[in-house]
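First the structure, in the form of structure tokens, and then the observations on it.
In order of appearance the chains are A, B, C and D, and numbering begins at 1 in each one.
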Amino acid sequence: MALGAAGALAAVSACGGGGAQSGGTSAAGGSYSIGVPSWYIAHLTPGKAGFSGVADAIWTPLTQVDRGGKVVDAVAQSLRSTDQKHWTITLKSGWKFQNGEPVTAQSFADSWNAAAYAPNAMTNGYLFANIDGYAALNPTSGKPTTDKLSGVQVVGASTLKVTLVKPLSMFPYVLAGTAFAPMPKAAFKDLAAYDRLPIGNGPYQVASPGLAPGGQQITLKRFDGYPGAKGKAAQITVKTYQTDATAFTSFRSGAVDIATASGNDLSTASRMYSSQLVTSPTAAVVYLGFPLWDRRFADVRVREAFSLAVDRKAIVASLLQGHAQTAAGIAPNVIAGGGGTDCADCSYDPARARQLLAAAGGWKGSLTLWTKQDPDMQTVLEAIVNQLRSNLGISSLSMKVQPTDQIYPNLLAHKTTGPFLLYMGASYPNLYSQADQLFGSTSGTNVGGYKSGAFDSLMNRAAAATTSGAGLKLAQQATRTAMADLPLAPLYYPVSGAVHAKKLSGLQLGYLGDVDLSSVTVR
Amino acid sequence: MTTTTGNAPTGRRHPLSRFAGYDPDAPPLEVTDLRVVFADASGRPGAGGVVVDGVSYRTAPGRTLAVVGESGCGKSLTARAVMGILPRGARVTGGTVRLHGIDLLGLDQRALAQIRGRHLSMVFQDALSALNPVLPVGHQIAEVFRAHGDMNRRQAQRAAVGMLDRVHIPEAARRAGHYPHQFSGGMRQRVMIAMALALNPEVVIADEPTTALDVTVQAQIMELLADLQAEHAVSLVLISHDMGIVANAADSVAVMYAGRVAEQAPAEDLYRRPAHPYTRALLDSIPRRGSRGRALTVLQGSPPDPAESTDGCTFRPRCPLASDACATAPSPQAVAPRRTSACHNWKEVVGA
Amino acid sequence: MASYVLRRILLMIPVLLGTTFVIYAAVYALPGDPVQALAGPDHVVTPATAAAIKEHYHLGDPFLVQYWHYLTGLLHGDFGIDLANTPVSAIIAASWPVTVKLAVMTWIIEAVAGVGLGYLAALRAGRLPDLAVLGGSSLVLGVPYFITAYVAQIVLGVKLHWFPVSGTDDGWPLSYLVPALCLALLGVPEIARLTRASVLENLGADFVDTATAKGLSRSRVLVRHVLRTSLVPVVSMLGTNLGYLLSGTILIEGIFNLPGLGFQVFQSVQQHDGPTVVGISTLLVLVFLLVNLVVDLLYGVLDPRIRLD
Amino acid sequence: MTSALQPATPAAPAVAAVPGAAGPSRRVERGTLHRLARRPRFFLPLAVVVLLCAMAAVPSAFAGWFGHGDPHRCSLEHSGQGPTSGHPFGFDVQGCDLYSNVVHGARDSLGIGLLTTALTLVVAVVLGSLAGYFGGVTDMVISRLMDVFFGFPMLVGMIVVLETFSVHSILSVSLVLALFSWPVLTRIMRSSVLATRGLDYVTAARELGAGPLRILLRHVIPNAIMPVAVLTSITVGGVITAEASLTFIGVGLSAPAISWGVQLNSAQQYFTVHPGLLLFPALFLSLAVLSFVLLGDCLRDAFDPRLR
């Protein structure tokens, strides 16, 4: 009883300077803090914000992906389409923004138009490329002539008609991204101010003053007008850290209540905080990509030799302390359609690797392997370098690390001179997404430069399939087709983990491996 | 406030009377058989040699005792031993230093601090380095008043300006705020003198007060010292290597050689008829009127290294009169009333 | 004096120009794509979006034009806006206090511990305290301070929970204590050694004998004459240190998650956020120059032999 | 000192500001060297420095002492294991022998230390001599340039410049470190040349008609270089620390290069589990830095005590 009173007191005092609309109603639930990477809160506009647990707490889009990886309606009452190209979306009634404004079809249309309109320079804008009219808002040269997506039509207060460029049966998955969240009218008065103090429709609202310039944290207050499952805690402090490792150290020193644990911290956490650690497979794969434009890797036997020379089990068991699964495909089983064995040469067989390499003419000269700036990736690549050295006999091996903003442009410009270790997370938990991102000929993340007509046509058929089951089957078939060419060697599916203070319970991780902020209960 | 030596029958007791052994009739400063040794490089005391070996001298009220000798003969060290400010490594191993009968060597640092500056003070050789470069000279003089009197900051400052005035520093009030490097050499030495004489001490030791100065300034400084001494009946110990300067200023002279007193005599007697071959050699090297055109006699050789113990008379290697007797070290012997010489052959010297 | 100050300030102008130019050029030469950096990791930037971003931040202009824009802005007191559309001055305003608190606390530790230990060592020269200070300072110099900081964080904060070692939640001074101590490990040995040498030199100086001969008490001689005079070079070093401290906190702020200027500038470098990097650097240089000017003026006050002209 | 990453140790600049601090150097006296050679304070660090240099020159000769000399022979099955026979320091996370890795680490760490110092020294002697000897506009330009780099937030500058290099090799890291450490020594060289320039024999040489280059090379530089030369050893120590700091925050060298900084960087996240991974490279690093600094201290005290 005393505890509850204290919690209420804390929440009341916390609400003192904030918005008025949440006053009066139950403020119990206590508060906690969570450490996140700084990009989580660098931008707080749906079209700019990264997909994260924080974004999920602030906004609720039309659909959501549940923890089982299934797509469920959120703000949407229904999504209907007969041809997978024209979609009719109806909204549930009673949803309100955190400023009291009702969530209407227009709120979604406004938000999407703003995100897709090139001059706004919203970094999530590319996600709207599926929608008819995107090209007009993003001309290859000059200024766009319109600022509205022609494929988005507001039919009534609660009905939206969307026309896609081509059929996409996975569209409901796409809509689950927070980039597709609605924005209230108030946002468009000052988009820059909104980016720091957004008004969402999710279970938590950003407390005034939002993100201060140069600030390192924001406070979230529970939005009591939320029609869905309400947040458990009354208040959450989101603190940013340069890396996961600093966040974890802060957790250990007691400065923060929740932190993600990755890499070696995960094994530290599992040993020291076994009862406070929550892990979950991530909808992602770590792979060794091959530069297909490089003639040395033109022969598939060379690629097979590299794949066979990597001891995935040792890497997972020793380096990652078991906090990952060895991969024989591009998607783990938490992703719909994933978990299959798509890759025949994703086992460890150094003898055969040497044979294949010899058969392909052997290796001459030196080789550089690349990865992005991330301590875990670097450690893994170092192990791969060592294994290639001893298993393939390539003596002159080096390793280069580049920040994300360099490695992707360099790969796309074919400036990268060797295999590259990268991480690919699914935009939405469906094999189709993962296959499209990795192998699709128009995908911006198909950095190896893989092109296959057979793959593309299978994927098109998958997108147009009338049922999601049929779509998945076709996506799996397409994946197998691509993997037969081995444009990349999958290595492992990472596991993400989060540690929480003893006073917290109920912590759950979403499909991206992010903490579901609403689920956390303060004891 | 002119007599500091006598048992002036004032109502107040003399400030020195609270120290054991105070005797107003005892000599202002009496050094007896003083020994100072140096540590060697490894820090063992005494191993570096005896630098002051049984020195004795005494001063009379209002009179000047000159201590002369080549550099390194121990005259400055004796003075420093008297002041209790020996350099690192040096130690007094024997003898006594008495100020009006008070055994200074037996006093603790606190008591000594009460005597230094107030009753016994010193004018150092190089005023530039002896004055603190980062404090105004007025402040440095005022410190003496502050340390010994119960003056407040302003009174002490005023007294300091008064002292500067007394040593003939023009615009004393303004100059009090200046720093040592802003003064000429002679002016700096005046500041030193003002500091030493600020409280009219019984004894002032002036260690080569004019060495760094040019001749005209030397004379001014010596004159100033003499004036102040006469004014306050100060007993002055004048340390110098310059027999010429001493001749005019001293009432009596102690000639030191290699840590010992070679000869001690009233100035007049000593100059007229030296009783030690070393004194004679020193006198012979002074250029005088009439000596023009003649080569000055130059003393050959150099003083012994105190680290190496020598048997017999330390002057023997350089002595023109050395004889077999010199194999044993001579001790000072009375030559005449108030006159001693540490030479076996003193008669020969006097007779020559 | 006034003309000296004026001349020094005039001399700062080419230095400041040079500094901003060098850092601006270096930031400009950073490889990688600021647009991609701006978009965040694992984002795809379409050409149209990239073009819009470039236009918005004048990234497309030639280097000298960009620099000119920046410089003219700077002359009007405008540090520009960062890639997230925040005025750089606001970022500086937010992170500046953290760094100042850290630097000043470090500086105080350096001054007190450095001077104290150096003084102690000099007074007990050749004996145990002296040897301990000399040996200890050598050891501290040998171990890179980031290792000490890292180990201190794990041991003092994580294992023992004695001190907060992450973030600024516990406010000043508690949150800054361990970081400042670690940072001070750099300066203390140098200050202590300099103090020791300076005190030793002055202990043997003639004016100390004069002071003793004047009848001053030992403690007054030691404080008023020895310490006061010995502090002249120490104060100069301390002043320069303060200037360096303000810009030298990157590692410590990173390890201890203190959102100060160093933390901010390191993040900005990685995000190729040129305006912020240049803005903070310019500010740091300016502060450094001003601190040095103050130190030189102070030097003149402390040591009257130095004439400023 | 010139350790660019040691922001709080600008001893040399501070002292260089003292008027007349860097006087003309004295010729090295044989006696000084003889006296030095007898002091443990001198020959102990010297012995360590020589040993480390030998280690850097021929690491294989030292790495094999315990029977396992190849730093690249790694097996993940040994990842993070503690010391066993033949592997006195145990294994790193990649399952490589830690001892031979630490031994091989000497090469890059010392290499950068020595190369940077050499670069710095060359720049300091050239620019310092020019500025000090010719004065005027030359001095003005060089001095302002020094000011620019002097007041520069060094770490920020180094991070930015290093980020612009795509290749982080010994050479590139050394160049960056040198770029930000030359002003300290240059300033000392300049004032030393200034003092030497006015000496009688230089004036004499000039009046005898010797050209400026000849005077500089024959008379000025040899006599003015001592204050700078005695600081080199300390500089090496500082640079080694600086390299380790840069690498520690991930902008210096990176694996598979073997340096103590790289080892410390990768040990960061394993420290609580495998303290040895941090301890052994840190030990060697500290020993190296300490030896160079102590040696430098000793040289400085012996040859140019006023620079202290």
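What we mean here is this: a residue touches a chain if its C-beta (ideal position, glycine included) is under 8 Å from a C-beta of that chain, and two chains touch if they have at least 3 such contacts.
By chain, with names taken from UniProt: D = Oligopeptide transport system permease protein.
Since the structure is predicted, the reported quantities are computational estimates derived from the model, not experimental observations.
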| item | value |
| --- | --- |
| Distance-to-centre winner among chains (Cα means, whole assembly as reference) | C |
| Pair exhibiting more inter-chain C-beta contacts, A-D or C-D | C-D |
| Mean-CA-position distance for chain D and chain A (Å) | 45 |
| Centroid spacing, where centroids are CA-atom means, of chain C and chain D in whole angstrom | 22 |
| Chain centre separation in whole Å, for chain C relative to chain A (CA means) | 39 |
| Intercentroid distance (Cα basis), chain D paired with chain B, Å | 54 |
| Shared interface positions of chain B, touching two or more other chains | none |
| Residue list for chain D, restricted to those that touch at least two other chains | 166, 268, 272 |
| Shared-contact residues (touching 2 or more other chains) in chain C | 31, 154, 158, 254, 266, 270 |
| Which chain pairs touch, all of them | A-C, A-D, B-C, C-D |
| Chain A - residues contacting chain D, complex | 245, 263-265, 267-268, 311, 314-315, 317-319, 373, 375, 378-379, 382-383, 385-387, 389-390, 397-402 |
| Chain D contact footprint on chain C (complex, rising order) | 11, 14-15, 18-19, 22-23, 26-27, 29-31, 106, 110, 138-139, 141-147, 150-151, 154, 158, 183-184, 186-187, 190, 193-194, 197, 233, 236-237, 239-241, 243-245, 247-251, 254, 262, 265-266, 269-270, 277, 280-281, 284-285, 288-289, 292, 296, 299, 306 |
| Complex interface listing, chain B residues touching chain C | 43, 80, 83-85, 87-88, 109-110, 113-118, 121-122, 124, 126, 129-135, 140, 143-144, 147-148, 179, 181-182, 192, 195-196 |
| In the complex, chain C residues that touch chain B | 126, 204-207, 209-218, 220, 224-225, 228-229, 232, 302-305 |
| Contact footprint of chain A on chain D as seen in their complex | 72-74, 76-77, 79-80, 93-96, 166-167, 250, 254-256, 266, 268-270, 272-273 |
